[in-house]
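Once you've had a glance at the structure underneath, I'll fire off some questions.
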Amino acid sequence: MTARERRTRILQMLQLIPILSVLVILFGGALVMALLQSLGFAPWFGINTFPDFSYFGSLWGSQTFWVSLWLTLYYATVSTLLALVFGTMLALALIKAFPGKWLYKYLYKLPLMIPYTVGIALAVIMLSSGGVLSRIVAFAGLIDDPGQFPQILKTHYGWGIIAVYVWKQTPFITLAVYAVLLGIGRETEEAAAILGARRGAIFFRVTLPQILPGIVSSTLICFAFNVGAFEAPFILGGGFPDTLPVVAWRYFNDADYTLQLQGMATVVSIGIVAGVILFAYLWVYRRYERRMGRH
Amino acid sequence: MKPKVSILSLVAACAATSVWAADPDDAAFRDAFLSGNADWAAVEARAAEEGGVNIYYWGGNDLLNIWMDRVVAPAMAEKGVTLNPVRITGTKDAVDLVLAEKHSGKGIGQGSVDMIWINGENFATLKRQDALFGSFAQSLPNSVNLEWDESDPRAMLNVRDFGVPNDSAEVPWSGEQYVCAVNSARVADEDVPSTFAELKSYLEANPGKFTYVKPPHYLGNTFVQEAVYAHNPDGTGATPFQQSVDDIAPEELARLIAPGIEYLQSIEPNLLDAAGGSPRYPEDNKALDGLFLNGEIDFSCKFGLYAVAKGLEIGTYPEAAKQFVFPENTMIKNKNYLVIPGNAPNSAAALVLANWMASVDSQVSKLESVGMPSGIDGWKLSAEDAERIVNASPGLIGVTQAELDANAAPDTNATLVDVIEATWLEVIERDSTASIEEVVATAYANLGK
Amino acid sequence: MTQVRLDSVRKQFGNFVAIENLDLDISSGELVALLGPSGCGKTTTLRMISGLERPSNGAIFFDGQDVSEQAVQDRNVGMVFQRYALFPHMTVEKNVAFGPSVRGESKAEIARRIDEILEVVQLTPFRTRFPAQLSGGQMQRVAVARTLITKPSILMMDEPLANLDTKLRVEMRRFIRDLQQQFGITTIFVTHDQIEAMELADRVAVIFDGQLAQYDTPERIYRYPRSLEVADFMGATNIYPGKLLSRNRVRTALGEFDCPHQNDRSVGDPVHVLLRAEALDIKTRPFTSEGSVLRGRIMARDFFGASVTYRVACNDQEIDVTENARRMLDVGDDVQLEIAPEQVWLLNG
Amino acid sequence: MAGGNDTLSTRLSPFQKIYLLLVAGFIVGPFLPVIIQSLAFRWAWPELLPGTWWLEQREKSMLPLAWDYVLSPYSRVWEATVNTVFIGLVVTAICLAICLPVARLLARESFAGKSAFEFFLSLPLIVPEAAIGIALLMIFIRLGLAGSYAGIIIAHLIPTIPYMVRMLTAVYQGLGRDFEEQAMILGARPLQILWRVTLPMLLPGVVAGALFTFLVSTNIFLLTFFLGQGQVITLPTLLFSKISGGNLDTTAAGITLIVTLPGIILLIISERFIKEEAFGKGFGS
């Protein structure tokens, strides 16, 4: 490397400093601090038993942690899958021409633009026992007391949470898939049809493999968000046992400050679980990609 | 097993690691004021110099929010102080902030919170953590509006907060009583319960039509306390619960609260949505109001002497709502307060604000617009002022003041609240298989007892 | 082998008429080019024959059977797309196997036929490559193989040579011709390049603005265009307005000369005279005066290696003349052009 | 009529028509009752429309009800809106400034550890927000950043950087070097190239990235909620505190609509300036 090349290289590396300082110091720092605290390092509370695996031990040893984990993953997975199916179907419809398409393309993106809390408000007014659906059912004469309306919100089935996630994320996945669909065009589908493939074969053997990159990256983001989301399970969840982010938040808000370390262990657990699942997902996908000749 | 680090050892550790640092000027003012060496004019002058005051309060009541902006802010502006009302979702957030700042070395005059609307456990926490400004309440000019003579039993609510002596480190702001309301469009008068037993039989006949706010929310805790009082096996009601954890053995407490907790367990299958698998306890005041308005529940219990009157005025209560006496003899009555944290950056302004809040004018206006009952004591006022307070009241609907007074009961000691709350969470919410005695013992252990 | 007939086929997209009453007969085993400028509707026609689009009116017959309402999958046609539309996520052999596989043929049979067809298109060494790893010509051969393996009754190609460089075009042209002859398959292709159409097709359908302008052999379309537009599109440069002096003599600004006998025109009719550049003979001095001759001077010269084209000015008009490059004339030379009457083609004025 | 052509048709199938209607209903339908609720005085089960409307009570009440409250300073809606927009703008500006050079580098240079660096850049997208938020809170309290605008702005950079880098990298890749090289040959100086060639060509992509970043920032709830400590309120946290109990009263309904409004405006703006594909670039693997 000549001196000039080296100078250019150094200048380039200098440009990376701001972004690295944000990501390494704050993001990386936060993760490291979380890990340290979950291992018993919190001198500002007068606690320093590092390394101390008892916080993880007691967390993972309790049965409710596993229930919480199951709930967290259940809500995240079901809503991601539903949003994927709805979003892909919507993207397939949107590439067609229809009257009023320009308006529809505004409309379907609305949830993408507004906070989850709005979605929660909509779920509350529509789905609660005293809500609009319940009133419509009552108007139809099917029930005469709000208590008879099937409970949708605040159950561990999480219909309300799933509804909010699906509402917010369907447009997100639609957008990702739609952009990829536009990019691949219609020709390969037409070629497949001429070669004799029916609707199902065209979709699963030709379209789907091509939109898969868009699907993978968008579902990855949705799933990770769902695992870490707080507001929807907090407001619409079924209460104890809560999802892991809510559990962590409750630890942090407990009158007993030492529980914050337990909270950190919960936070780290969320990170580990999300990390393991996402890496496994990516690994499987990468293998598939290689088989598909993409690198 | 996780090592149980007690709060007390934690506090000791904190005290050792972080000395109460101080801004010398603020520290001097605090010492002068608390020792009575600062005259009020000097305080007001200093307040104007400080120029602002940050009050942290639960922002979930629109009426209170309006009143803060519309009435308190201009009143403070007249004194040269800009009011900064910080609306928080839970009082604990402000307490956490004060403590976090204290632990990070922000001492006298160096914090960010000047005043918190507070009572109960949160105050007890601040006191335990030694994060209070000091005994200021009796030095305020308007403290004449309050009864401080402890030989008068009526002074108890001014000097003890949830049974914990407050050492005048907070000034009473509002007096409340836990009252239930019924939707009389849905329930016949003769069916309205006045005891827990009657409530239970009502629920057996009308399953799902009642619930209470989920502890550890204070509205839920209070309902649990009332049930515990009413089921006190000795028949001594609230009396034994006035002691602190230091004075009552866990086995004894477990024995006293067991019938009440068992009662709450027994009504669970008939609470709201219990038919669908698990009973539903609303998270807060607003959620409770929503259920009551929609007729999902027939009775709504919360602190709110004038809640029905105000709720009708703003449309959050059903038109046929009215109050009733429940449970007989154990309707908890308490006060809530304004506290100044030890590291308040504008302590003089906070004192001025506290003083103004204890004035007859402010209490009348708060009563009228927010419907929050007066926190000052009528018998200490001139007849004219006392009458203004009475006239400002939005009014009781369905009950009389005499009935409420006759059935009043005191709060549970703040230190016991933690234990009872933990017991409820463990036994009722988490369906623990442990006996109540074991649960109480664990709760004690967690408190470092 | 299939015979294709389009009967008053019309296609409308919204308010836009893409094809207007198109009649077209394609004999079985024939190689037909649909020729026209872009946007003329030739691709739409191809897509209607394939079944990717449905005609708004009219009908399409394969061997006399109406297939207008038949789904594309049921028509047993083949199509090679302009950009080949290879499945990017499949290897060469997977691409080729796709058709038989979705038609439910046995694995052994598919494997056998893949070997065979890859041999035909000379892609055996590339069978495990992905499309992204192939050259343009290779991709096209995969596309062809993928189509042929399904034994289509009609093979369609959209601009088959458009995306190839000059050398590959020659190669592919030959390849397509050979293939078509070998399989004897009815083949229709779309192009906007008249040379390509003439070189490959048995018959050429010229389409302008959604209407069939002429449908004939390449030679006849070149020599005897039915309209000015067709003549222009086929690359004719020497077109002059004129008037019929008698049944076999015409006058233009260039001058007067003889033409074939005109049975269906009357004397005095306005006409356009088409003179093919390569059909004129250039004479240098000494000039003769037999037949129809024009005098002029060379204004410019374009040398193409095998041929040379001169721009000649005569009577204030310009005319292009092409001849073999056996000799070279210079700019400024005076020349005489001889016009054989049978090389003069008249169009309506 | 043989079917099987639906996937290929450029028209919607009947099923797709119904599906589009259902999705539209699912997405915007619930706003209707929110609008009604915001105009109600008392709307109790089982009424399909409020028994008493706000306007009927408006003159009778001393207190600002419904929209009178929402639009008054008491509701803090205006403060939250200003905060949201301000934080969003600052985050966008900082994010743009620090991501542009990185995107250029990623698009054009190859260096050791590049793929690891790219992976690290996208990590914040897949680490759950709750984990970052709670962990950051402890650090921020130590640094005195909790509850401050600076703290929230810095925190918002974490989830926005990955999107911005991805979108800008895609733009730089699409741009290619030819144009800059052509400008160089024509005699332009580096600054002139930047100002007159590179920036105008980057602009659509930059606008897309900026709008997307702004959008993400204005939508963030958890980080603002944890790190704002109730002192910095934005539209999402304001709404959260109104509905955290799971009840939507009159003023909460009004605030819901207000919180929706910037999204609608942003939607219209972004639809004008950004093609679908540009958003798509943010998500490409």
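In this document, chain identifiers A, B, C and D correspond to the written order of the chains, with residue numbering beginning at 1 in each.
Note that a contact is a pair of C-beta atoms (placed from the backbone, for glycine too) under 8 Å apart; a residue touches a chain by one contact, two chains touch by 3 or more.
None of these values were measured; they are calculated from a predicted model.
Minimum number of contact steps separating chain A from chain C: 1.
Among the other chains, the CA centroid farthest from that of chain C is the one of B. Interface comparison, A-D versus A-B: the higher count of C-beta contacts falls to A-D.
Inter-chain spacing, taken between the CA centroids of chain A and chain D, is 16 Å. Per-chain Cα centroids separate chain C from chain D by 54 Å.
Averaged C-alpha coordinates give centres for chain B and chain C that are 91 Å from one another.
Put simply, the C-alpha centre of chain A and that of chain B have 38 angstrom between them. Of all residues in chain C, those that touch two or more other chains are 51-52, 72-73. Annotation for chain A: residues 44, 128, 130, 146, 154, 190, 193, 198, 235 touch two or more other chains.
Chain D has residues 4-5, 8, 44-45, 142, 240, 244-248 in contact with two or more other chains. Touching chain B in their complex are the following residues of chain A: 43-47, 49, 52, 54-55, 57-58, 64, 128-130, 145-147, 150-151, 154-156, 235, 238-240, 253, 255-258, 262.
Within the complex formed with chain D, the chain B residues making contact are 56, 59-60, 62-63, 65-66, 69-70, 86-89, 93-94, 97, 100-101, 104, 112, 282-291, 293-296, 313-316, 318-319, 369. Residue ranges of chain D in contact with chain B, taken from their complex: 40-42, 44-45, 52, 57, 61-65, 69, 72-76, 141-142, 144, 146-147, 229-231, 233, 240-241, 244-251. Across the interface of their complex, chain A is touched by residues 50-52, 72-73, 76-79, 81, 83, 85-91, 98-99, 102-103, 130, 132-133, 146-147, 150 of chain C. Within the complex formed with chain A, the chain B residues making contact are 1-3, 5, 7, 9-10, 12-14, 16-18, 90, 92, 96, 99, 103-104, 121, 125, 208-209, 214, 272-273, 275-278, 280-281, 283, 290-291, 293-296, 418, 425, 429-430, 446.
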